[in-house]
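By written order: A, B, C and D. Residues from 1 in each chain.
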Amino acid sequence: MDYFYNNKGVGIVLGLIKTIQDNKDYLSEIDGALGDGDHGINMNKGFTLCKERLTADVTDFSKALKTLGRVLLMEIGGSMGPLYGTFFIEMSKKCADKETIDKNTFKEMIEAALNGISTLGKAKVGDKTLIDTLVPAVEAYNKALAEGKDFSGALIEMKAAAEKGKDSTKDMVAKIGRASRLGERSRGVLDAGSISCYLIIASISDSIKALLES
Amino acid sequence: MDYFYNNKGVGIVLGLIKTIQDNKDYLSEIDGALGDGDHGINMNKGFTLCKERLTADVTDFSKALKTLGRVLLMEIGGSMGPLYGTFFIEMSKKCADKETIDKNTFKEMIEAALNGISTLGKAKVGDKTLIDTLVPAVEAYNKALAEGKDFSGALIEMKAAAEKGKDSTKDMVAKIGRASRLGERSRGVLDAGSISCYLIIASISDSIKALLES
Amino acid sequence: MQRIINDPDKVVEDMLEGFLKVHKDLVVKTDNPRTIKYKNAPVEGKVGVVTGGGSGHKPAFIGYTGRNMLDAVAVGEVFSSPTAKAFYDAFRAADSGKGVACLYGNYAGDNMNVKMAVDIAEEDGIEVKTVVANDDVASAPITEREKRRGVAGEIFMWKIGGAKAAKGGSLDEVIAAAQKAIDNTRSVGIGLTSCTIPAVGKPNFKIENGTMEVGIGHHGEPGIKVTELKTADEIAQIMLEIILPDYPFVAGDEVAVLLSGLGATPVMELYILYSKVEALLQERGIKVHRSYVGNYFTSLEMMGATLTIMKLDNELKDLLDMEADSIGLKQF
Amino acid sequence: MQRIINDPDKVVEDMLEGFLKVHKDLVVKTDNPRTIKYKNAPVEGKVGVVTGGGSGHKPAFIGYTGRNMLDAVAVGEVFSSPTAKAFYDAFRAADSGKGVACLYGNYAGDNMNVKMAVDIAEEDGIEVKTVVANDDVASAPITEREKRRGVAGEIFMWKIGGAKAAKGGSLDEVIAAAQKAIDNTRSVGIGLTSCTIPAVGKPNFKIENGTMEVGIGHHGEPGIKVTELKTADEIAQIMLEIILPDYPFVAGDEVAVLLSGLGATPVMELYILYSKVEALLQERGIKVHRSYVGNYFTSLEMMGATLTIMKLDNELKDLLDMEADSIGLKQF
């Protein structure tokens, strides 16, 4: 199949939540090098709270995304609340009325998510933020589609590009957020948000691939 | 000679000052074990200030003692200000009108000093304070006089008893002042005030002996 | 981590519970557990004045709620922006129909959450205008002023905005006064020790003994440089050399000075530092109209201080001198 | 030692200089550099109210000078009693001919210096009577109450004595009110970290990480026991178990509660602790009439807190509720 059923996709969000929970300490540790060491805490708090809200009546991928986005936006605060909140809400909007989600719907979803997060956060590629993961990931996905790859193939490209994007932040000098005060001192370490963003993309990609293959 | 001239005795006070200055850190360190670690600072401040006040017109031992006592009483505060202030003022009173100071005058001086400090501080032998140095020192001096010893001989006895008195505080449990809160935990360490008191007695004793022999 | 807390993930909830018990004569809760308000808010006929920010800065932010001060405050996690919802609920709690001035600090999270809250409020017909404090000179060069953070200068912004609103100023007038206050204000911090966010459990940066971080931010953001620890007199000099040319403040100016401890520095030391600050200002012909010295805007248990100077004109003087009743600032 | 100071041996002088600059509208100097007074002291027709104590406890002691509070204060070195002369000069500064109430804490040095000052004042025809605060339950068993130290309960003693004097009470009435206040008051401290006297340069005691000292004194005097660091809720319980039976406080009582940080504990944590204190009091049927939470009586940069509870009757309630204008306590 080259699509999956919206009402089979709640597990994708559950997988996301687990990924963030598992990486809580790692994300905080990375944030400690350049930021204030709370990225894992912030992310874990939001995603865990979302899990509690994913009641039995949330049966669709789109609804689960909306719940996650809402919780982040409304109840988490910080930068991550609005940024990832917007990310997931934008994703959910693009598939809210779909019974099935194919590679083109997913394209619209991640483009809307990227668009929302960029408009809000105003970070650009090279600023050493999660945008450095997200932009190449979306580009790689689109390119794969343009080259005629199937959904799974494009997801593989997306994940690989996200990883490269994340790694690219290592040599960057932070230009935005608290780390920007460090100037040259910020070089040589990965950006925490670029890692959480990679983890999210990787988890979504793996979960959808598994669904497509099932 | 078994007496010395009042107007030759300013050096005794200068010697005292130097002794306290030299032992500043040691006294604070000892105080740190049971108290708040400032005994050397308090003592040094008072005695150093006195040195500045010992102007050219202070030519007598009695006047130098009075200056020292006044500075301590008026400008130092804490416990040491009033206690040692009283100590030196009482000493000075008993020799203010003397041209020479012999062993009997000195007896009156140290008895008045002890009396003043006891009335004010209300500490008793065994409370682990400077009183544990002072009481045996005065007793030993008086005993030596009763036994017919000369001034120098009595001073030697006084100093030796002061040292023993100081050492006796090691096995005591503090019953007064901040250290008393420690209860049994205060055993095993010398009391800071008993050391400064020993240093004072030893310095006076040595200085007078030198005067008597000169 | 030597902390008097229960669950490290619940410090803000637990703190608010105690705070509302102690200050019930001044501050009350709203239906949002992360939004508190002045007991008389919304004050009939008055523009609402609102702020919000991360926790751990006591008495900021909630401690400046009160008469002639803030009407409602959105409360974030430790060192983390409140949610858009908390800001939105603060707008609702403060609005008497005259509109709301949201006076907050320039942090990425706060910018985003305020923006979303303003959007929702607009849909609901609540008019909200904002002023963004950017008094922290060390956080970016003057050429990139839009990047500068808000620090203790926010207190002056709130005081001025709160007073203007209390005097019956319109929303635009309140915004203009608060904007002028922050435009006239410059701050710089120096850090001597780091601090530990309870939920993190360990210090997230380090200042070596014997050194100090010049230009440190309110969450320990790195400053301009790390130097050996100087004397109070030298520190006063260093801080003024950063602040004074930036505005600039010149002979003949009248200023308000706020010298806040970062938490653990004994207040005794703030007075020592202030003494030299005032002396140096005097030397330059700058007159201190009012000074505030104490723990006005802290960063948990960091040692260090923030110096804030606001240039005054007649309007600002008037507004600054007005009575105010809040936990952090009481003036009668 | 991460300190903002100049000469460590001159911190008190330097501090006072800054203090007097900042608070010149409330506090002024006297001819003794170690004695400060309320700008309107001696207040015509009013009994003078005086205290004195070591430095390093900001806002205590000098921060409680002001209207309806203290008229003059003798200032000691860090953690060390002021001189007899400073106390004497405080008596002179406060006396309008109605006599002076010297309300101070039970420390050996203060006892001696006050005694000598009172003797000199008597010779000069100034009538001085004293009350010695001994609210620190952990500093000696109840059977040796005369050995107990005064801690943050002194603030209640000053507030009550200051109000009584302001209401026109005679010296004996002021003394009686202040004595009742302290007799009705019990305190206990817990310490989480130590502190460093600037002139000493290193901490003079140690509290291991993960432990706390129950019953610690205001200069780090050892307490009743060292235990593992408990949660805020457990600490509230421990503190109340020490305080409540000692007076005792029982169901139906109305009390004032003061919870002061020792310096470096973030105020956030004090609110967390207070919340449980009030809940536990309520459980026992004890009603909190007024509460004060913040840094009211510190010990340089120690972490920890002192809990103080005063049982109220109508007179004490009246006096406690009276307006007061001082740096540390403002009530309108």
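The criterion applied here is as follows: a contact is a pair of C-beta atoms (placed from the backbone, for glycine too) under 8 Å apart; a residue touches a chain by one contact, two chains touch by 3 or more.
Predicted, not measured: the structure shown is a model, and the values here were computed from it.
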Those chains that touch subunit D and also touch subunit C are none
Touch graph components, with subunit D removed from consideration: A, C | B
Let me spell it out: compute each chain's centre from its C-alpha atoms, then which one is farthest from subunit B's centre? A
Based only on mean CA positions, could you tell me how far subunit A sits from subunit B in angstrom? 77
For subunit A and subunit D, let me know how many angstrom lie between their CA-based centres, rounded off. 55
For subunit A versus subunit C, what separation do you get between their C-alpha means, in angstrom? 33
Give me the residue numbers in subunit A that touch at least two other chains, ranges are fine. none
What are the residues of subunit C that contact at least two other chains? 78
Taking chains as nodes and touches as edges, what kind of graph is this: line, ring, star, complete or other? line
Taking all chains into account, which pairs touch? A-C, B-D, C-D
How about subunit C: which of its residues touch subunit A in the complex? 9, 54, 76-86, 108-109, 112-113, 115-116, 139, 147, 197, 199-200, 202, 204-205, 217, 219-223
Per the touch rule above, subunit C residues touching subunit D in the complex are 1-6, 11, 14-19, 21-22, 55-56, 58-59, 78, 192-193, 207, 209, 212, 229, 231-233, 235, 263-275, 278, 291-293, 295, 298, 300-301, 303-305, 325, 330, 332
Within their complex, state which residues of subunit B touch subunit D. 28, 31-32, 35-38, 41-42, 45, 73-83, 120-121, 176-178, 180-182, 185
